[in-house]
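Following are the structures in question.
Look for subunit A in each of the two complexes below; its partner is subunit B in the first and subunit C in the second.
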Partner chain A sequence: MESFDLLLGGFAAALHPAVFLVLAFGLVTGTVAGALPGISFVNAMAMALPFTYLMQPTAAMAFLGGIYVGGVFGGSISSILINIPGTPASLPACWDGHPMTRAGKPQMALRIALTSSATGGLASALLLTFAAPPFARFALTFDQPEFFAATVLGLVSVIAIAKEQPILSLLSMFLGMLIGTVGVDPLYGMPRFGFGQPMLQSGVNWIVVMIGLFAVAEVIDLICEERELRPKAAGGGSISFRGLWGLKNSILRGTGLGCMIGMIPGAGATVGAVIAYGVEKQASGKGARFGTGVPEGLAAPEAAKNATTGAAMIPLLTLGIPGSAATAIMLGAMILHGINPGPLLFTSDVSTVYTIFAAMILANLLMIVAALAVAKGFSTLMRVPPAVLGAFIIVLSVVGAYGVRNNIFDVYVCLFFGLVGWGMKRTGFPTAPLVLGVILGPLAERYFLTSLVNYDNDYAIFFTRPISGTILGLAVLFGLWSLWPAIQDLRHRRAGRTTPLDHTGRVPEDG
Partner chain B sequence: MAHHPLLLRLLAPALLLAGSVLAAPYIVQDPEMLAGLSGTGPGFWPKAMLWGTGVCAALWLVAEVLRPRRGGGLAAEAVPEGTVPPAPDGSDYDMTRAIVGLVFTLLYGVLLPILGFPLATLLFVAAWLFLGRIRRLSLLVLVPVLGTLTLCYVFVLLARMPLERGAGAMGEATVRLYQLLGIY
Partner chain C sequence: MKAALGTFVAAGIAATAFAGGALAQDAYPERPIDMVITFGPGGGSDTMGRTAAHLAEKELGVAVPASNVSGASGNAGLTRVLTSPADGYTLGTLIALTVSSWAAGLGVGQPDQFDVVGVLQSSPSMLFVPKDSPHKSAEELLAFAKANPKALKVATSGFGTMDDVTLRYLTKQGDAMTNVPFAKPAERYASTVGAHTDAIYEEPGDVAQFVQSGDLVPVLVFADERHKDFPDVPASKELGLDISGLDNFRTIAVKKGTPPEIVERLHKVFADVTATQEWHDFCAKTYTCTENMSVEDANAMVETFYKKVKDLLAQPS
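On to the complex of A and B.
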């Protein structure tokens, strides 16, 4: 009961006009930033940080929490409507969300995404509120091998998202991980692939790579194809409550996965969404049709990515470990405002903690209103001629790339990857694994090397530690499960079958 | 790539395979720097990634060689249905415009530090609109001017981003413009 009393107190503080207004403003800001390709909500949070100096600590956290929650969903608006992920976590929304838009069902896609995201986010906020202490105790047992194993699980999901050929996806992923090694190494401080260029020594930022690969490459196609960006049937494509209820299992699976993955520092919304997509592809029974506008393929990753928001704050608040770039900025804001996250915070400043909990719950409820408003405005934005939109998307992408480190080199990297992304897209070479490789590769390296340093170069440590071994075992199972159709295909080809199987391993119906 | 001759289809995997082999000595500027370090030194992870890249590229190469008459290689098969634009040789894709668009985009990046953000953006937006078949003079003038001014106010004034001002006289001109606009 004490928790409920504390939460009521938290709601009272979060509903104070000054706090509530900045929360709402943060939500709209985050949703717009997330929806704008090239401007990520992490950038928006970083830019918002100086503005929090003017606020009380709880208001500052509510503001950043609002941007975080709104931004994680906002990316899906552009994914669904124009096939450009506003954030990396919104990438899966392109795969099944945008085909729905192309089929004239943008409202349906947005409602599925919004319902799933709000459900996942709310569940995650409640998890944060009621399960933070026990989860914190569990996360306390994590060490570098466990973090490495969790990152490997994320990388293995690349095979699961490979639509047809695992070799090309693996190649793309290795290239991404290779790009991630450019710059100073995490252990010895030695520059790698620097070629004597100081700019290369600072490394290749994944946000910049992502902006180039997706935004720039996509915009080039905007002016080369007679593509209609506006929703094809504005009045159609809705979905009833019954239709949404039919997606409950997908939403629940996504929410559960998102909550679990969100708590693992370093994993975050992108890993959560991608794994949820991979799992849903296997679990829904509709895997063969994934990528063509399957509601389950949209609902599960959407629920998962917003389910990571509250969960990612569990290690942040209880251990002071940020689970993502966004929570790292929140950690910075907390320290700036004199809040020291950690177990002691739950006794020394419990009212602040519960105000943050309440703000996160409110943010996920208000997100529905904010997202609907932004989505409506976004549709209006889509009425702008593609050339006008494309020009400003490139300019915003360039500004976004520049803003990451206030460095013109990042602009060059962004434009280079724009060129590469366009080429990859035209040849059907998968780009998503490359991005995941760039994001997760450096994390995997750091956790791998620090594990070895901490455990006397004992490679067996990854398998002998129970949690690490379990996660790696899951990764192996997940990989085999995903590869099984390809293995079956190979076996049938060797057996001399003339009819190739589809990528689920089944004989096509017309075959 | 799908309908290209065998040699062209082998080009990408062959280049990637060669690159993964040739890049190994360039992991650090001076390979002697790695001397004395353990097997898991700074070169360990990049080497592992090069191995991964090389093995996958070799497998891709073999797959392309073994199936020369299947009407497409791995990349062609990897294209998910409905998620990728029409083939490069498709009639509804304007390849010339795509290449001009790419050149404009790269030029924008090159001109940013020379002309400064406001002028480079103004020129880029105007050029892009023209490329996108917009011929109304009012749009060709108003959209770039108003758009650039808005971006300057948002990013330079409000977000305090130190966007490129330009080199030499262009840098001074940009500062004057910002002063005129009340940004500085």
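On to the complex of A and C.
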């Protein structure tokens, strides 16, 4: 029961007015930054870093933790309301969240997203509190082949999220992976596709690509089509507690996946959310209707996304190993405040650790209040004319793209991908797989090459290591499972049968 | 948030407008000085740059806002320094890894393009083995490498770095080990702590937590003399290995051509910064405290390091 006593002490420290106020302020800041297209909460955390100098170490951690938790959720507000993911991890929230808004049920979508996110976040904060050290030791048994296998699983989920056109989705993904190879290669330092441009040597940043493909392209489309972005009747479509309870299995699956994926360095919230969407599409039994506003399709990725927040803190606090840009900033802040995360933190600075735990738990509870307030403010913003809103989003996108590396080159890349994204949208070429390719391609390459160097160029290593082999096996099964309808369809055609297809391209169950 | 962005944009416009105008140098500094951190938030350069900027504000009397311009082993940020006017209003972090990338033919930099106004941190690198390693000392490790060439896997920061040239030197001495590069420091530490690699090439400050907890055991320091904080760990010279002068330094630099009185002023500021108790607490924890070094000596140190890495890289591996 020692950890309960320590946790009570942690809550006492976290509820100290100075700490609690900055936590609440951080949450609102993070939620707003997350919800604004173009500005990510990682930008907000980097900007907030200098302000933490003036704070006590625990207050500084509560502040950054608040921005992190709020920001990971905030992105879904703009995904649901205007179909532009505020942060990369909120991409899947566009697929089933935005259709609900179109159907006049934005409040229902927001409540599902918020409940799922808070549940996932809370569960992973509790996991962090009570199981951090053993989980960290378990995570250490993972090596590069395991990371590679997990990345392959992420890439395979692209097939699962593809709606009607698996071939086009794969093409789009490979195009993304090709874009991801631009720049100095991670292992041998060879410049690729640099065309003599020094800036291309630094590579194409995936956040910039995402801002272009989704925010900028959506605005171009909006202006060209002269369509209304405004959600119909922001108050419409509530959901009862019973309705939310019905989603418990989806939330549970999402939370479990998020907690596991959050601990893998480099993967983080985006990969967690996408895999959870893909798995849910198969597991919920409603796969055929995914993409049309299915509650399960929103709940699972939302739960997974926030479940990565606590899980990502496990390697950070116990090993001093940050898995993402957000946790890297937290590591920097801790070092600046003289807290040294790592194996000794739990013995040398145990009260600080439990204050951080308590702050993470409080942040996930407070998030419900903060997010509802921000979402309300945000839907008011939607009433401005599309042209004004569009201009506003373009400005934010440019600032956001610049802010990633403080570099004007990234702004050009962002605008370029805005045009590309609009063209793809117009021709029906899916854009989400391209972003996943840009994110996961370089990771897969790096893990693959380092694995080979470390294991004497033995290609079998990916299958002979038990965990890596299991994950790859799952990836193959997952791929086949997702492609099954398409394979069946092909077999039916081969057999020369003229089976009528329903609108999703699937053979009717009795066919 | 919006207000903060507004200020940020306004400050940017103001800075651009100012940069064009002629400045009275005797009034230096009369406006905020930019600190360009050439790596992303949270890393060693970031921590150094931000701490130094924060402490320098008191000495300079103006704000020293830090911004991260990361990419291409630090070269993206240095390009920013080189394309800004040489007026002392743009500082950049310049570290050993970036200089070794020039020696490997990457980036656009040369040592003679910069004046180093402060060597803030420096540390020799060491070889560490995991807690349960069968090789408990440098002698055992090297003997194993001699008997089993390339069998030992050493986690490093990449090819074409000082890690790489050190391993190339060892290969030439008959102690061949395999270089396993990890682009992300965190993954590098985890691979050796988790015993997936046999050893790690790293400066002690970056793995201090693991050393103190016993998860990593130092066996060899690449220097002519033993490290004062690790008196039991043999220096490479004692074992007949002549590989030193590859210390991992972190400095603050300005573009060459900055007026000498401004260079001297900045040098004094950073000398005062490193003399503060706050700085001492910071560098002692990371085993990176340095002696004050004149601008000429600092420039010469960077130049020597560059040549050394270039020479070692030119030899066949």
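Just so it is clear, the second predicted complex is superposed on the first by the 498 of 511 C-alpha atoms of A that agree within 3 Å, B and C clash if a C-alpha of one lies under 4 Å from a C-alpha of the other, contacts with A are read in each partner's own complex, and residues count from 1 in each chain.
Definition applied: a residue touches a chain if its C-beta (ideal position, glycine included) is under 8 Å from a C-beta of that chain, and two chains touch if they have at least 3 such contacts.
Remember, it's a predicted structure, so these values are computed and weren't measured experimentally.
K.L.:
Once chain A of both complexes is superposed, is A:488 in touch with subunit B (first), subunit C (second), both, or neither?
P.N.:
neither
K.L.:
Just subunit B (first), just subunit C (second), both, or neither: which does A:399 touch?
P.N.:
It touches subunit B and subunit C both.
K.L.:
Now for A:167: first (subunit B), second (subunit C), both, or neither, which partner does it touch?
P.N.:
first
K.L.:
Quick one: is A:187 in contact with subunit B, with subunit C, with both, or with neither? Answer first, second, both or neither.
P.N.:
After superposing on A, A:187 lies in contact with both subunit B and subunit C.
K.L.:
Should A:454 be classified as contacting the first partner (subunit B), the second (subunit C), both, or neither?
P.N.:
In the superposed model, A:454 contacts subunit C only, not subunit B.
K.L.:
Applying the touch criterion given at the start, work out whether A:56 contacts subunit B, subunit C, both or neither, answering first, second, both or neither.
P.N.:
In the superposed model, A:56 contacts neither subunit B nor subunit C.
K.L.:
Should A:282 be classified as contacting the first partner (subunit B), the second (subunit C), both, or neither?
P.N.:
Neither: A:282 stays clear of subunit B and subunit C.
K.L.:
Considering only touches as defined above, state whether A:249 meets subunit B (first), subunit C (second), both or neither.
P.N.:
neither
K.L.:
If we overlay the two complexes on their shared chain A, which of subunit B and subunit C does A:220 touch? Say first, second, both or neither.
P.N.:
A:220 contacts subunit B only, not subunit C.
K.L.:
Which residues would you name on subunit A as touching subunit B in one complex and subunit C in the other?
P.N.:
Subunit A residues touching both partners: 47, 50, 187-188, 191, 399, 406.
K.L.:
Given the complex with subunit A, which residues does subunit B contribute to the contact?
P.N.:
1-2, 12, 16, 23, 26-29, 33, 37-46, 49-50, 52-53, 56-57, 59-60, 63, 74-86, 88, 92-95, 97-98, 101-102, 105-106, 108-109, 112-113, 121, 124-125, 128-129, 131-134, 139, 143-144, 147, 151, 155, 159-164
K.L.:
Subunit C touches which residues of subunit A in the complex?
P.N.:
It is residues 29, 32-33, 36, 39, 44-47, 49-50, 53, 140-144, 147, 183-184, 186-189, 191, 198-199, 201-203, 265-266, 315, 319-323, 325, 328-332, 335-336, 338, 340-345, 399, 405-407, 446, 450, 453-454 of subunit A that touch subunit C.
K.L.:
Write out the stretch or stretches of subunit C touching subunit A in their complex.
P.N.:
1, 4-5, 8-9, 40-43, 46-47, 50-51, 54, 65-73, 75-76, 79-80, 101, 104, 106-108, 153, 158-160, 178-184, 186-187, 189-191, 193-194, 196-197, 208-210, 212-213, 215, 281, 285
K.L.:
Applying the document's contact rule, which stretches of subunit A touch subunit B when the two form their complex?
P.N.:
Going by the criterion above, the answer is residues 47, 50, 94-95, 98-99, 102, 162-165, 167-171, 174-175, 177-178, 181, 185, 187-188, 190-196, 216, 219-221, 223-226, 291-293, 385-388, 390-392, 394-395, 398-399, 402-403, 406, 408, 411-412, 414-415, 418-419, 422, 425-430, 441, 445, 448-449, 452, 457.
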